[in-house]
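Here the chain labels run A, B and C in written order, and each chain numbers its own residues starting at 1.
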């Protein structure tokens, strides 16, 4: 009984944070901010869903696959975000008008 | 003007949440799946109207992580563990696709 | 045992563990096939996992890894509450910018883990790493100051001590 409450609670929380992350993908101004909000929230939300499924299922085949999924997401999702942001900055996509400082572009100009 | 659009969005989202959770008569898991499908609609908005190519790549990356959670919940409902296999393979393919798109955006070759 | 063979043993047991998580352990066929595949994988690509000697004992490193997981979970919960607050706020109060920080870590694996942790913690995203100069370029959603020392103290030092114990 208590196991079902904790498991379904984790699934509810995960879906709520998934929704917040996608809302951030729509509302925030430029690509770097969108990448931040979406990567953090969607990774945490899907991790929460898989952890809830592990608690509901226990130590069987399904639960172990859910654990593998958590490890996999937490390793790959930040790596993909890093690759996309690096590529976007290299291909001269402008930052938003609200941006205060850009030390990466300053250093690249000094090098060339 | 901005505050007016915010209030309009809150009203639309609360109407959708009311219909999903109180009017629609289905299993509780189908209600949760509907929330993830609404989130996928927002991701598709960013895919279609995104100002630059990098926004579309970010959306595809986030969509892959959302699909992992969706397949895990479907597998919990039918109590079959092979949905988790499909989810892991989908995540792997989505990660490799994001890295390849990032390299193409940077105008480098794949064996670089 | 030399370093290469130790690395191959570690890869063998890790790949066997992943195989048993994915399949049924009570079936004899699966066990035999998994052992053969794990031996093949560890002979072909086994010597990339452990390449340098570490300073501390293995039990001390495992203890610090558990401490790192607890701290990382706490930071990621804070990050998500922060993002949810920003997204539902009517005016979206952000103040973004790209800043540079310095790190004391030297190993490449440690710097990779540090960059991934920084991406998942509140308000920060790693844009580029410079391994020779030990510098990281970080996109902040809320910039407080433009000095390198202040940003290093704010962002990098949360995980640096624990990662120093684990990887160096």
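General remarks:
Operating definition for what follows: a residue touches a chain if its C-beta (ideal position, glycine included) is under 8 Å from a C-beta of that chain, and two chains touch if they have at least 3 such contacts.
Source: prediction; values computed, not measured.
Of the two interfaces, A-C and B-C, the higher number of touching C-beta pairs belongs to A-C.
Innermost chain of the displayed assembly, by C-alpha centre distance to the whole-protein C-alpha centre, is A.
One simple way to say how far apart two chains are is to compare their mean CA positions; for subunit A and subunit B this gives 12 Å. Separating the CA-averaged centres of subunit A and subunit C is a span of 15 Å. Our note on geometry: subunit B versus subunit C, Cα centroid distance of 25 Å, whole angstroms.
Multi-chain contact residues of subunit C, defined as those touching 2 or more other chains: 22. In subunit A, the residues that touch at least two other chains are 21, 23, 35, 39, 43, 61, 65, 68, 79, 81, 86.
In subunit B, the positions touching at least two other chains are 85. Within the complex, the subunit C residues that touch subunit A are 18, 21-22, 24, 76-77, 79-80, 83-84, 86-88, 92, 94-100, 115-116, 119-120, 123-128, 137, 139, 141, 143, 146.
Within the complex, the subunit B residues that touch subunit C are 2-3, 6, 85. For subunit A in complex with subunit C, the residues that touch the partner chain are 17, 20-21, 23-24, 27-30, 32-33, 35-37, 39-41, 43-44, 61, 64-65, 67-68, 74-75, 78-79, 81-82, 85-86, 89, 95-96, 98-105, 107. On the side of subunit A, the complex with subunit B involves touching residues 11-12, 14-15, 18-19, 21-23, 25-26, 31, 34-35, 38-39, 42-43, 45-46, 49-50, 53, 56-57, 60-62, 65-66, 68-69, 72-73, 76-77, 79-81, 83-84, 86-88, 90-91, 93. On the side of subunit C, the complex with subunit B involves touching residues 22, 90-91.
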